[in-house]
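There are structures below to look over.
The same subunit A turns up in both complexes below, where it pairs with subunit B and then with subunit C.
Presenting the complex of A and B:
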């Protein structure tokens, strides 16, 4: 501690060490938050349901997605990534997941909303298994904290069924 | 900066940084603002730097008092012969 340089060095080293501890504590404080998010997805209409030239089924639908993810946000949350996926079972694969819509929620104020949209990404099956298929719409979310570990969870909504015939 | 000043500077630096860290964390947690925590802590680090890094006069209140050369000459250096006798004592035991 006898010179300017040594004191500056000691101070910066100690300050950064404490900064790391503070960030760890901020990350740890997220454990005290117990979120209770809610979500609801309605399939308003099936606009198109066709077999493509190569034999794959494609569906176009209009969705009404409403969610309240405000309880996911803490002071250590940077943003939340959400996506709605159609999940169904086929003889070949026990789980097929197709992302239909996604979004990035930047703040707590924007975390409660309702959106009326057609599917953002194409709903195409690898094959022709979709006629009369029962499927789940699952809201997945990934919480991206400012410091610490990313976490993910989901809400599964069951009981959706595609029409029996192409249209 | 003298010896007492160096000790004081190091202690002040550590205590101030920890204190600012505690204040910053509590402020940020209560206000639910990560940015506020960082701002408070950054201000604390800057303030601590200004106080403990430059060589302020109050770090130099205990200067070392060296003997005047004329006084030192009156007391000649001890000759390095005595330790040889002392070294033999432990071996006898």
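Presenting the complex of A and C:
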């Protein structure tokens, strides 16, 4: 009855149960955090704005991104993934979403900063619709927990209108 | 040597009724595992509700050996979501983040581009020859939650099959020789 195998089984089962309960509680405790992040994204300049050989418009720009996401961090937060996306509509596509910049924030100490950058991923339209096009800028973040449920949210910024002519 | 003798003795002493009971209990274990897996498939709507991360391309978010829970809903795919997708000609599904989305006005079809957080460039190099975008049918689900380290069990078992056989053998012996 109380053989070695029996005791080992009971011990392992108990340990795994406790670990699972602790993980669930840690994930559940994230619900009590009500974050109030702030951010600002500005298009400083349009550097290049051209039509590619294939006929798609491409634009490069310089952005100024500043944010304070410290309130997103709890004891169960491994990292926060943050990115700025441009969103616009064209006659062909009901939604175009293009990530312009992204970053990984590993800790609360690094969650308040301001950077000056050109777009990290190429801003290319499917077609030639970007002249004079107004797009929305949105800051999204995804919170990755140490264990449990992932969560995401966003702040919509003021948009920007691209110039009417190529340059 | 004592326990080997005992084991042989207990195998010899098995009667037909006991054998049946053990076969039934073994069957119960196997079928309940199957029920849980198929039930998860129904609830999440994904053909594989749980996947193990095999590469470090999403570090530091997901490490090798982490387990991801997938969910496949009708909701449209948006940038920033972590999706699991299959590329034609590749057996192993990939877990990466969506960075670009183009959704058609008329048909609602989507073109999606993905990238691993820890990779320098986007995933066009991983896609099939000449493929520029992922479509809806490539995507198996999006990651909604995760558990660290648990997936190491499967990684070890697939890479060192001998451990799997030893484990299965030991469990089978336990089931046969247990008298409860």
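The rule is short, and it goes like this: the second predicted complex is superposed on the first by the 162 of 167 C-alpha atoms of A that agree within 3 Å, B and C clash if a C-alpha of one lies under 4 Å from a C-alpha of the other, contacts with A are read in each partner's own complex, and residues count from 1 in each chain.
Rule of thumb we're sticking to: a contact is a pair of C-beta atoms (placed from the backbone, for glycine too) under 8 Å apart; a residue touches a chain by one contact, two chains touch by 3 or more.
Being a predicted model, the structure only gives us computed values, none of them experimental.
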Task: Room on subunit A for both subunit B and subunit C (clash or fit) - done: fit
TODO: Please work out whether A:76 is in contact with subunit B alone, subunit C alone, both, or neither, and reply first, second, both or neither.
DONE: first
Open item on the list: Taking the superposition on A as described, I'd like to know which of subunit B and subunit C A:91 touches: first, second, both or neither.
Closed with: second
Task: Winner by number of subunit A residues touched, once subunit B and subunit C are compared - done: C
TODO: Give one of first, second, both or neither to describe whether A:38 is in contact with subunit B, with subunit C, with both, or with none.
DONE: neither
Open item on the list: Just to be sure I read the superposition right, which of the two partners does A:10 touch: subunit B = first, subunit C = second, or both, or neither?
Closed with: first
- [ ] Would you check which partner chain A:52 touches, where first means subunit B only, second means subunit C only, and both and neither mean what they say?
- [x] neither
Open item on the list: Quick one: is A:146 in contact with subunit B, with subunit C, with both, or with neither? Answer first, second, both or neither.
Closed with: both
TODO: Minimum C-alpha distance between subunit B and subunit C after superposition, to be given in whole Å.
DONE: 13
- [ ] Using the superposition on A, tell me which residues of subunit A are in contact with subunit B and, in the other complex, with subunit C.
- [x] 146
- [ ] Quick one: which bits of subunit A touch subunit C in the complex? Just the residue numbers, please.
- [x] 5, 23, 27, 78-79, 81, 83, 85, 90-99, 102, 104, 106, 121, 126, 140, 142, 144-150, 152
Task: Footprint of subunit B on subunit A - complex, ascending - done: 1-2, 4, 7-8, 10-11, 14-15, 18-19, 21-22, 25-26, 29, 74-76, 146
- [ ] Could you please specify the touching residues of subunit B with respect to subunit A in the complex?
- [x] 1, 6-7, 9-10, 13-14, 17-18, 21, 24-25, 28-29, 31-34, 37, 41, 45, 48-49, 52-55
- [ ] Would you mind writing out the residues of subunit C in touch with subunit A in their complex?
- [x] 60-61, 76, 78-82, 97, 99-105, 108, 111, 115, 117, 122, 143-148, 174
